[in-house]
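Shared between the two complexes below is chain A, which has chain B as its partner in the first and chain C in the second.
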Partner chain A sequence: MSLLSARLALGWLIGGEWRAHPARLALTAVAIAIGVALGFAVHLVNGSALSSFEGALRSVNGRADVQVNATTPFGFDEALYARVATATGVADASPVVVLRATAGTARFTLLGLDVIRAAQVTPSLIGIAPAGVDRRTDAAFDGQALFLSSAALRVLRVRPGDALTVAANGKATQLRVAGALPGVAEGQAIGVVDIATVQWRFGRLGRLDRIDVKQADGTSTAALTAILPRDATIGTSASDATRSDALSRAYRVNLDMLALVALLTGGFLVFSAQSLSVARRLRAFALIRTLGLPRNGIIATVALEGLAIGLIGSSLGLLLGYAVAYAALTRFGGDLGAGYFADGSVRLAFAPAAAVGFFLLGVFAAVAGSVLPARIAARVAPAAALRNAGDMIDPRTPVPWIPAAALIAVGGVAAQLPAIGGLPIFGFASMALILAGGIAGMPWLARTVLAPLARRSGRSVASDLAIHHLHGAPGQAATALCGIVASTALMIAMAVMVTSFRGAVDEWLGQILSDDLYLRVEGSSGFDPAAQAVLRATPGVAGIAFSRQVPLTLSADRPPVTLIARPVDARFVLLDKADRLPAGTIPIWLSEPAARLYNWKVGATVTLPLAGRYAVAGIWRDYARQQGAIVMRETDYSKATGDRTRTEAAITLQPGADPVRVEQALTARTPRGLARFVSIARPATLRRYALELFDRSFAVTYLLEGVAVLVGLAGVAATMSAQTIARTREFGMLRHIGVSKRQIVAMLASEGALLGLVGGIAGIALGGIMAQVLVHVINPQSFNWTMATRVPWGIVASVAGALVIAAAGTATLAGRRAIAADAVRMVREDW
Partner chain B sequence: MHDDALLRVSSLAKSVPGGRELFRGLDLIARPGQLIAIVGESGVGKSTLLNILAGLDRPDAGQVAIEGVGLETLDEAALTRLRATRVGFVFQAFHVLPYLTLRQNIALPLALVSADRRSITARADAMLERVGLGTRGGGYARDLSGGELQRVAIARALVHRPAIILADEPTGNLDPETAAKILALFSTAVRENGVAAIIVTHSEAAAAIADIVLTLTATGLERRA
Partner chain C sequence: MPYPFTRRFKRLSTGLLAAAAVTLTAATPAATDYPTVRPGARFVFPREHGAHPAFRTEWWYVTGRLETREKRDLGFQITFFRTTPKTDPANPSKFAPKQILFAHAALSDPSVGHLLHGERAARAGFGLAQARIGDTDVSLRDWRIRRLADGRFVATVKTPEFALALTLTPRQPPLLEGKDGYSQKGPLPEQASYYYSVPHLAVSGSLTRKGTAQPVTGQAWLDREWSSDYLGGGAVGWDWTGLNLDDGGALMAFRIRGPGGRQIWAGGSFRRADGRVVRFAPGDVRFAALKRWRSPRTGAVYPVAQRLSIRLPEGVRRLDLNPLFADQELDARRSGMPVYWEGAVRTPGGSGYLELTGYADPLRM
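Coming up: the complex of A and B.
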């Protein structure tokens, strides 16, 4: 007899169960749906943002085969162009100047191009004058002509023919909007002007930022690489993609993992619900096995239920996920508030492969959560199950702890292993193993925690019954608790990680914001030495430390680090420092992420794309620049780059000076052209702003935490009510022997509270261990910064309290319902 | 000579895990239309014997054959198939699934081997009619009394035309009046269908309807006069 021939009977059994307990099945399907929805939404948002960002890069690069890029914003000598254009394997080359430009308050990327060369290499960057507005065929060669992409036309609110004052590199000039850039992708604000105009009008004479190269067929970039000076590097579409991927990869992978956690919790909830459902139907299964259903028919029945839960949950989850992704993109942007992709709009792109993947993951979680209890049910001897009226509980049976300890130990070992490809794969594996070990150890924990209570007597009947039931059947308690423990542990782990991170950032802000005022120039060239001297002499100013930040590309396939020129004094707090440096080297101080990303050690000699030999003098803490930063003394920086302008200043006031008056005086002394680009802030404002940014970055994490809490509490409600209903006959018997309804409700409330307490203890302990993996393994491996653990005791206490109250409350409600029937009917109830 | 025995048990022995011997040298033959009652003290192994006859438990020694097929020669899948097609069960606790309709409960043995919904429903309805519940097929267990539930169980035991029916205390949960009605129905159904029935019981009323009453002791089955 095959399962196929028994399909009608299987259909009846599944259909009957669904009709009898629609709410239970709906809840488990919703748990899967939430997991799938979160995973799919996060993946969609990340994918859409990355795709838009890469699109933006391609637009600005004009789809050249290869680019020679400057490693700093100062560009490289234009003499390089002639050498590149005549290098082996180069079919054509187009010189480019790239500037961040402003017009009014709007910002865009301004490209200076040689139209004739660009037409051969990057035709998508060639402007077209619209018929009817500007019929001059020589518009492309007009020095004043500015061609704008449709996004730039929109943000600048101009039309072909309009005049526009454009500022860049500290200079401003008037240009005429001559036409559009139809080859540039929608959403990218780009302007193109003749290269000579840009070099002349914006102070970039003799300098280039990029050379776009068209390669001859089948050639490599080796010949080009050989002729490049230090301040230029080779970029290809592949390295561009790697760089944009590296920018936010760790963040995206971490979000994906957090979203999968929700799916995992959903899987545990299905396991919990199906275990209880199977326990309740044990005699029904025994009956149909007696009547002739094969052993695997039981597994098939429960697995089919799981499959149906998975199919419904996953389908709902995909729909919900798409809606959530749309809402998240609209509300938080493509990086979900983390600030990785600040520019450009992001369009939601459906990802069929991801949809199929998350659908299958949801189905797998539901089926796996069903098959495990089904296998246990199928192993039960049908004759024994048919005659057995109660649980096969033997409180003397020892509860194994070795498998749980082994899983946790292996998890501990996995946490010690290094990252793979910059991703903390073993860190996540470690968390999964610790979680699995913790859940496997639940029966042992329940028995151990309750053993002292079970040995004592003399309490109320209700308490005694509750403690002895849980102590005698710790496996049942574990089944009921696994979803709760999983969600609590993950929630605590995330809360500890976020609290540790936030606390570390707050402390760090206190260290770095030790001056009275901070001044910054944005979108312009900065203060020249004369302007610096004027500001230094401002009344009320005791001291002013100027600094400059510029991007510095160290590797074509990594985002640039930030090079910071600033005074290095005793207030500069270091994590590590070199005792001595090699003779003739210029000292630099690496931020912690820079040291870890480039694997540079204190005291080592390193090569930067700047003139001179450098050595790492120390490592400092930095939570602001994930891609790394390098501090150099102001004087060394000026020598290496020739740049004497400064864009930032930390100001110490004279004792008793009024900050408001000093602010006003500083603003008044700012050169006229710079005034609108200058902002002055106090430490408290900067600190508040930084922490607001932090909270925005973690907004999605808070959301995922909230979902974990809800799923966990839903798990408490579902498992408590299912267990209570399954014990209706036990309650009937108790009432027959004289236990009152009130005592039974009190017993259930006690059991619920004890379950919540044990689950809370286990979840918090596991969460604490997993938080150590998050804080000390996953965070450093993903983001390259370290921090100390900080425990959010308030959240921990609230979670424990909420679990106890939710468990006791739902158990009481379910108990009231269960004992509503009369006692005689309860004991006669067969099922 | 043609052997018309539907159930043949020879030299059966069984001990419980602790080593206590329940019975040994047990022989039994059941023929079509024959109703055999097995009585005995609690713990003597009546239910264990029934489980062995159904292929749900294995004896320590001896053979059980249903329609000439030795159960010891069958693997678990074949035993399952045999139960699904040739054995019917009636339990003391009825075991009527609460989430299936009465018609579905009765049709369950048929649905385990066939997906022909129309013929299954027709046979289940015919059985409902036979046990006096003709109009209740769409109802559920919670709508029925104990006697009515056992009628459903008897219908389920007969619907797939088994060779033997094994009944474990079929009237143990019923009052004497209802028990008498159920026993009469059971007896008629067994004889009309030509099946062999083995009833394990403590009830004298149940034993009274049997053609043969056997007392189970440690040394086997003894026929009661």
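Coming up: the complex of A and C.
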């Protein structure tokens, strides 16, 4: 009988199974659906956020071929414009001043352009004066004329012809809305004013932030690179894309991995459900095999079932994932609350390739989860299977432990390998290998743990029976354990990592928030030296340390680091410190991510896009700025940049001073124009805020983790109940030889508890190892920060407890149902 | 004078400049900040060759004929414009748009059958674009026209399709148009420009096409004009011609057309070979179409061959103007420019350029 002619038999087998146990199959399909949905949703949200972010970047850039970008917010000397415009390979060049502007409470990007140059280089950035406004003026060169994108018109609630006071760089001026910017993409708040006006009115005389370049055909940027000073870099669309990708790539990849974990646990659920389904049908399979079905017929049958589950589950999952992504985007924004993409709305972009990918992954998980148990079943001789539907593994044959140990060992080695392209590929591989090794080692562990117990007897009938059953049917025990171990391990690994991270952040916040009050100016303006002196003289203030943070581009394809100018004293806690610095260098202190990203060591001399020679004096811990930060003495900063404005201040109060009073006094002494941008906070508030931010950015992590746990527990429950139901005959037999119903239930509860306990302990151990990979490999490689391990003992204990209770509970419940029928009928099942 | 600079300027940067251009063409009160063109100004050379930045608009407009070594006849046009927008004079920024410069170049080759052209525009400054005061020296990146100490003009332009490097040697003194350079453009006396021409410039230099340079010689006409407010309301376009006559005479004539082709104003001058000048009143000039050509691109119908009648003391003289080839329409809408016809023409006993504006669309006044 060929496979093809066995269609009828296969049809009966599958159809019969589905008619008999629709709920179980539906559950497995749902498990796959959840895995696919989560993976797809996370991917969609990330992809949409990234493309929106890149779209925003392209909008502001106006799609120039190449750009010369300033490395600091102070821009570069405008004389560079003439040199760039006449450089080899430059067809045209458009000078740009870029400012973050506010009008009322709305924020937008203000571009100062030369309309004639922009018309050639970045035509999407110039406006058209709509009919109806006064056409008897030099609208194009009118210093008052402000052209706004549709999004900016909306947020500012203005129409062409309206007057609007715009503030930027600490200065405000009145402009007139002259028209729209139809070339700017929807959703980007951009305003365009004549470049001369922006330079004059917003204090940027002599400075440019950007030069957009139109290249002559077939030329490289080499000639351009050669003439650039330190404070400018070349940017192309490729480097822009790399930079915006680098901004959040590690975060996105980690979320993708978590989503895959959910899919993996879904696969486990299919595996456990199908294992039992196969076990129950062994006799049926055997019968059909004796009638001529080839061995692979069984595999084909179960694989087809898996395929059906996969198809249904994956289709459901895609729909669900799309819905979840839509809900998440509208509710939390494109970075799911992690704060990577500050502004610009995100539109959900359907990703066909990803949809196909996740669909196939779901189908693959379901088919693989089905084929594995089927292969084991197919190996059993039909004659033996016909008579005995018990465990297929002989408890007397020793279980190999070498494959498991080898997998874990390889995983350990993989954890030592470096990141690839800033992504901890080997770290994830290591975790997968360790997990696989742990699961592969389960039969061996179950045997090793249960063997000594099985040798001893004399306890209650129920527990004796339970131990002997588990010991005698190691295949079933291992199947149930796999699900438990996998979900526990992942759950524990995540919990340990998040606890370690949160603990480290909390401790770090304690270190950095050592002053009494913190003051900060929002926006790009700040306190000039006079205002600083006024604030310093506030009654009740013992000390006030002003600081300034500015973005500093060190490399065109990386997001800028934050340059922090502040006083540096002994209170500055360092991870590493240079003993001495080269003579004539200015000390800078790198945050840990900055040191790792740019591979700078303490004591090394480095070049910054600022005047002077710099050397790394130390490395400090920072969990706030993933793209890196550099601390410089504020005196050195003023010398290098000439910038004496400060945007932040840390205040020490005199003993006994009332913080509330001082706060009020500080507010009163703030220059008038700045008052509404100034916020003052106490350390406790900031700490709470920072931890809230942390929790928000991990919200999705928690969610994914929770789903993985639920799917895992559902797998455990399904396994337990299926195993129990499959043993109806056994219970009938036990009843016949005098075991009471109560004892049977107790036996099942013990079995469940034992499985939960063994699985839980193994899972926790495995999870602990995986947590080390997460904390010490994946986290540093993804985010460039290190931390110490902190174990959440409470969570560990409750996970172990929950597992034991869930396993015992489901076994008991299923057992009650199984023994409800009378003993005679139960035995009759044995034919 | 009659160059459709206003329209060209208007559309240059896809509409943004529209309002500025409309200001140029309309008789607006804004012009009160600019000097008014009045009769009686005394031209001093070489000062007048240089820029007059106080005035709203100004141009250096060269048209002429080129002959290649193979004796092929070509027409060329090289034009530099300057405009002074109304801006806040207090703005200390080097980007302050105190002067805007534009340039345009076109080549008429009968074997090509249509115009080849290119353009430049920039605000003055940064050494990239400037118009010198005191003598001719206007440059826009790699485009430049300047007057050498010996009185010759040197012009260089580069477009993707051709490049010209020409030396223009004056052989006659400047011809002051209108009343000693005061050229009225409409019924109102302030609708006027300062205007002089330098006809019969001897041309030598090189023409580069497809990467190969070849020497060329020829004859050209320079128009210099500056004004703040020179077009009356109601005009939709104009016809203009400047002719170098073989006997050494020079003739310039223009008419400003209203709706339906009605002549609103006309003028011009004729300098005889002996140097005596006849100036034309509006009634002395008549343009009549001999042949019309319909542009397949724009559908505009241009009177590409015209009979020009001028009243001289000895009687009416008629000159038939025949184009080098019909399709000398400049359709530069792709680069935000207007559509008009600017072509090399021949006339019995002379040659020059004919300019026909406002035929594709009426000029917005």
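By our rule, the second predicted complex is superposed on the first by the 811 of 831 C-alpha atoms of A that agree within 3 Å, B and C clash if a C-alpha of one lies under 4 Å from a C-alpha of the other, contacts with A are read in each partner's own complex, and residues count from 1 in each chain.
Here, contacts are C-beta pairs under 8 Å (C-beta built on N, C-alpha and C of every residue); 3 or more make two chains touch, one makes a residue touch a chain.
This structure is a prediction, so every number in the text was calculated from the model and none was measured.
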item	value
Which of chain B and chain C A:Tyr81 touches, first, second, both or neither	second
Contacts of A:Val602 with chain B and chain C, given as first, second, both or neither	neither
Partner chain(s) touched by A:Val115 [first = chain B, second = chain C, both, neither]	second
First, second, both or neither for A:Val278, with chain B first and chain C second	neither
First, second, both or neither for A:Gly292, with chain B first and chain C second	first
Shared chain A contacts, counted only where both chain B and chain C touch the same residue	none
Partner chain C, residues of chain A touching it in the complex	78-79, 81-82, 85-86, 95, 114-119, 123, 126-129, 133-143, 194-197, 199-200, 205-206
Footprint of chain B on chain A - complex, ascending	1, 5-9, 12-13, 16-17, 19-20, 283-284, 287-295, 381-383, 386-387, 828, 830-831
Of all residues in chain C, those that touch chain A in their complex	12-20, 22-23, 26, 28, 30, 85-88, 91-97, 100, 121-123, 126-128, 141, 336
For the chain B and chain A complex, residues of the former touching the latter	47, 51, 54, 56-57, 76-77, 80-81, 83-85, 87, 89, 91, 93-100, 104, 108-109, 111-115, 117, 120, 141, 146, 156
